[in-house]
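Have a look at these structures, which come just after this line.
What follows is subunit A paired twice: with subunit B in the first complex and subunit C in the second.
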Partner chain A sequence: MIAFAEAFPLALVRPEAALCVGLFAILASDLGPGADRRRAGPWLGIAAALVAFLLALDAPSGAVGTMLAIDGPARLARLLILPLVALLLLAGAGERRHGTDSGAWSTAVVGVGLGALVTAASANFVSAWLGLEMLALAGYSLVAFRGGDRRAAEAGMKFVLFGGVVSGVMLFGISHVYGATGHLDFAGIGQAFANGAPTAAGVGLLLAGVGVAYKLTLVPVHFYAPDVYQGSPPLGVAVVSTLPKIAAATALVRFLSMAVPAPLVDHATLASAIAVLAAASMLFASFTALVQRDAKRIIAFSGIGHGAAVVLATACLPARDAAAAAGFYLLTYVGSNVGALVCLSVLERATGGSGLQALAGSWRRHPVVSGLLCLFLLSLAGVPPLAGFLGKWGVLQQAFAAGLGSATYATLATAALLFLLATAVSAWSYLLVVRAVVFAEPATPSAAGGGTVPFATKLALAIAAVATVGLGLWLDGLAVLAKAM
Partner chain B sequence: MGPLTACIVAPLALAAATSVAPPRAARWLALLGALLTLLVGGMAIADFAARPGADFRFVDSTPWSTAFGASFTFGVDGIGAAMLCLSGLITAIATIAAWQQDKWPRVYHALVLVLLAAMNGVFTSLDLLLFYVSWEMVLLPMLPLVGVFGGEQRRYAAMKFFVYTLAGSVLMLAMLIALWNATPREGRSVVVPHHVVAAHADASHGTLHGLPIDLGHDGPKQVHVPRGFDLRHLALQAEHWQGANFLGVTLAAFGFFAVLLACLVKIPAIPLHTWLPHAHVQAPTAVSVLLAGVLLKLGVYGLYRIGVPLFPQAAAAWAPALGGLGLAGILWGAWAALGQRDLKRLVAYSSVSHMGFCLLGLFSGTVAGATGGMVQAFTHGLSSGLLFLLVGVVYDRAHHRRVDGFGGLARPMPQFAWILLLGAMAGAGLPALAGFPGEFLVLGGAFTATGSFPWLGALATLSVVLSAAYLLWTLLRVAYGPLRHPEQAAFPDLDGRERLAAWPLAVLLVVVGLWPGPLVDALRPACELVVQTLQGGRP
Partner chain C sequence: MPELSPDRLDGYLLVAGVLFVAGVLAVTTRRSAIGVLIGIELMLNAAALQFAAYGKFSPSATDPQGQTAAVFVVVVAAAEAAVALALLFAVYRTFRDIDLDATRELRS
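Moving on, here comes the complex of A and B:
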């Protein structure tokens, strides 16, 4: 027993344990009698997430064997993931109140959250892979979560197939790394590489990185996102476009700082390569989004661009505050992104689709929700004084600080300029949605209203709106996050 | 909370209040916000007219971020005071013009109030980050004001306006960050130029821009500038921006380019003016008045406040080219206006022409020119606001704006015709009306300036002929001659609300034209300082 406690110090993973308990509580409540039992699911999950959040606020640092590292980035990721899980469940409680799925939806969301926590804390390829798989499996079901809807089924199928291939590629890479170094933990791999390593091992690392890039929807492994998001219910998109990004970004931060030592690849080269990859993603996403005619596809390309911005911040590692900038960026992104998708969920229910034509004139049915959608989209576009602006501010500041400081890192500053270009271009695609939702008249004038918006949805939207406006003026937020790490 | 902070906070609070106010009361809230701004602006301009000086007054600071050294610092010099005054005045006029707004009046007036707060933020902030946030925040209310409340092609016009101006100013964000990164964590000591000490140092407190300075000795005066975004502190470090590197060019060159791009789009200078005719034609009358009356001035103001003071060497190096660009705008705008068939497009192109004088004046590097540029910005706000109002008046009656669709309106609408005559004369720069002093000073400045500026000035005088041609010709076709469309005989003359909107502008056009003294007195010292800075940047 003592040996177990030493090998697995439960005190370090209390938040994860609390969320786990919540997951089982939802499943158990599903078995109970009563017609209202399915309503309990989201609230149990929210309670578990909030308890876990409170536990995470003052959590100790440490390591669980070589598997998990509860370090600064992991603790920061928890503080992002847990409230986000609660917010998503809250939105689900409102939007899915007519669902016949009992506790399944809430279970899947909590499952994604748990997978995200594990991935974010992973210091070993085994835990990273397990975490990513947990994220993915729960995510597959959320994407296809619309019984009888062929598009959702198609989206789920695509997600499963691509996800399976990518996870196979990742395992293939991991096996090469293990073969070359004899290690699966990041620290051990880093040490082994420091003493020199065959090229095959470097290629193995690259392949293993594909799994992370996939979750961050980085070009060229972004291709699944638009198709999957388009077919999926908006709340499913809200889950799979946010939680995996936080998890993968945190794992990337740790991976870069532990497993990629200087002898393997010169730091300036690595940073430049990451910056080039990020800039390519941003430009690709912003230009491709211009020709989309479906709000969820636009959200997908926006997610590709925003994921790339986080990656640009990681290129500035190990600079002080680069991880905090990435964290703050994710914070502002998830607030606005979830808000936008909850709005789309309400509008989709009223209009029957997320195509720009279906959304035309939504303001007649839901004026407030339509207005809020515009607010969230403008925040995603990065217009001050909304939250997205400040997220961008932090990343740009890191990239310029690194890029202007020395000539060898000039690529980072160039990438930052391209980021600004992509911002300006992508604004047009967000405006396409704004135009459809508030500027246009409905194609078929109907007197019928859009139905009422449930209280839980209103609450979720209010929280997202407060975050979107409030975070935009919280200039010290970056410093606070940096200190929290 | 000082009066300037109130000019930002009160409109925002009033905008929030519209959501609980009865729909018919929203317009009163908008008017209240505008009049408050006008009061503070008028107070400030009176103060500067009475005690001329280039210092910043009514300075008022609330901490924002300790990590970045940013703060909600507001303050105005003569330039800021004039612009604040214009912002309040034009918003009040626009609110009266939109008094009968029946589509979503609460939303409409709330948006106007947010716009007012953002404009006031640009004109009064002494913190570069706050300036930038206000600058971009202008776009947020403008998007729905054009896109929801505008005309037939409002959607395209709103999106084009938004993305065009956003794209113009994104580089400013890079500049902001680069400036911050180029300052050491502990700040730096800088030698303050003599003219800045003379203009700004507060001898009784031994401070300069809130920083301690030793004024006791005769040698070069030094201050220690902290890291942050205070505009006044950033301007003191101009030498360092000139020395710092930004991807192969000097930081000053990049920074000036970034500010210039943002400002040229807003002014708008050719060839970046192509958003303007669209936005103007599609915007509702009151929003056109705001756009021409205040928003275009943001660009001019940005160059006076940020472009030249922070990057004088780069500005001096670019000055001849920018003077030429000003001239190109003056002539091209006037030439294009001659060919317009839509009244709103005509006034929009005349704006391009008139705003060119601001560029020509500032970059002539003469006190007369720079002062004239700012006077022109102010008076153009009055005259173009009036002209857009009057176009709105005929549009309300005829539901079209084709120049050839009118004729002899002076008969049914004598008062309208008189005011149109006044507005057109003022726009054409006739002496004794407000259009005159600005253009006169700019041309006078250009003639006394060095280099190619006398030639530019000489060519710019052509615009006097051109603008007289397009304005008076239009006046002739619209208001005089026989009544070509019989149904227009029944058009009622200006009603009470229209008179209330038009008369104050008409009266001011005469008053400022006859008695530009106080305005010029208030503007001159601040403009003189800008010119000294620009000349200090010459090699």
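Moving on, here comes the complex of A and C:
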């Protein structure tokens, strides 16, 4: 009989435990009478996320059985996920039009965060799948949070049905991997592949990869994103476009570093396949975004492209700093993306929609918020000196270094060139939004003054703006992350 | 046709495969959201059955991973169904329909 403390070393997962306590505190506060007490939800969640962040700052490394591995990528992911959860809750506390300052909303946001932490630390297909389900189930409700809204309901239904199908496919693949190798943990699977595993295991891995690709919105399983994002409240998009990407990318990094199906597929072929997938996603997203007429759809295609850039960085593994480049890219992406979506939330409240026509002339109603939206979009486009530029720079550096080094990895260099092309094309789609917001004539010229912006929203926007500008000026940020891994 | 018996792995795999294919067919052909949901449940349960079967017939007879994975799948499938049904309710309340072709407003 193993002692509980030995089987489950709580000291390793203190941040996760702190966030769990926060989750239950929000649920308990929601039971109390009175609307004021129910407003405590976001603040309890923010407090829990910040405590968890402090605990994660100086966390020990180790393994929780074969289920979780608290290693470099996992600790980096925590430092990304926990402040992001706090920022998302803060934005929810401000933008309370649809009850996003309630306990229900905060519970779901913290639930997505918890699922992201579990997935990011998973070293086993069961914990990876459970983490992905945790963040998916909470995310479904966030997307459909607007009660009585047709589009939100449709977005939620599409999200849950597509997500369920992908989850079933992934699980069926995992069961084949287990059957063929006798293992569910990444290390054991890697060992089994090194000893020559049957082809069924490779097919199983491919099916399991569909689930990860779905969270990273890679082509061809990206198709849900535009419709789901368009129907969702902007803050729901801010949650489901960022946290799942961090989680899935970290799990992918761990899997690729622990279990390359070596005899079945050699490393160069695997890296090339991943790079081709990433390049196809980028090109598809950047060109399709050009014909969109809704800011949230443009954000969706932007998310497809950014997810693909992270995947391109993981294709450069096991190169030194490739994981750090992916982490830094995600850091720059989430700051600008969440900022842009909070701006859209404010503008949507003022104009009644996120279509480019509805947003026309928002500049006159909300000059500061519109200006910040342009800043965030330019960062997503990769304009220096904003954060997005440095993120892209790091990934390009990795891909060119890996691709030009040897002829077998030449696909990586080609993918990096296509990444440059896709970046240039996608910049145009962001400029479409900027043009509508700044230069277009408003549809209803009389409506001046869009109401006040709540303090919590202002604070969230300020944090996102500081991150967007600050990260862009933090030239050795990538090197610092690489050293910390 | 090989003889199927409870002592052989391939019988379980055959049933799981049939369940999974039935689930995929339901997901791809049904126009009703409830039909799609039933298909998803079939796929998840096919995977659960396969986990349990592989666990029972694993080389080390005491390997608990397959059985535990199957229990996890059952629990998550129930949670997934609860969330999905709640969302389908929301769709029905606003559209008065849960046909996937009738509930389409989001497009580029």
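Here, the second predicted complex is superposed on the first by the 475 of 485 C-alpha atoms of A that agree within 3 Å, B and C clash if a C-alpha of one lies under 4 Å from a C-alpha of the other, contacts with A are read in each partner's own complex, and residues count from 1 in each chain.
Just so it is clear, a residue touches a chain if its C-beta (ideal position, glycine included) is under 8 Å from a C-beta of that chain, and two chains touch if they have at least 3 such contacts.
Please read these numbers as outputs of a predicted model, since none were measured by experiment.
When the shared chain is aligned, no partner comes close enough to touch A:P60: not subunit B, not subunit C. When the shared chain is aligned, subunit C comes close enough to touch A:R297, but subunit B does not.
After overlaying the two complexes on the shared chain, residue contacts for A:P384 are found with subunit B alone; subunit C is out of touch. By the touch criterion stated above, A:P198 is placed in contact with neither subunit B nor subunit C.
In the superposition on chain A, contact of A:A479 is made with subunit B only, not with subunit C.
Looking at the shared chain after the overlay, A:G352 reaches neither subunit B nor subunit C. Once both structures are placed on chain A, no subunit A residue is touched by subunit B and, in the other complex, by subunit C.
By the touch criterion stated above, subunit B contacts subunit A in their complex at residues 64-68, 70, 129, 132-133, 136-137, 139-140, 143-144, 147-148, 154-155, 158-159, 162-163, 166-167, 170-171, 173-174, 177-178, 180-182, 245-247.
Within the complex formed with subunit C, the residues of subunit A that make contact are 126, 129-130, 133, 137, 140-141, 144, 147-161, 164-165, 167-169, 171-172, 174-176, 178-179, 182-184, 226-227, 230-231, 291-294, 297.
Subunit A contributes residues 374, 378, 381, 383-385, 389, 392-393, 396-397, 400-401, 403-405, 410, 413-414, 416-417, 420-421, 423-425, 427-428, 431, 434-435, 438-440, 473, 475-476, 478-479 to its touches with subunit B in the complex.
Note for the complex: subunit C touches subunit A at residues 13, 16, 20, 23, 27, 33, 36-37, 39-40, 43-44, 46-48, 50-51, 53-55, 58-60, 63, 65-66, 68-69, 72-73, 76, 79-80, 83-84, 86-88, 90-91, 93-95, 98, 103-108.
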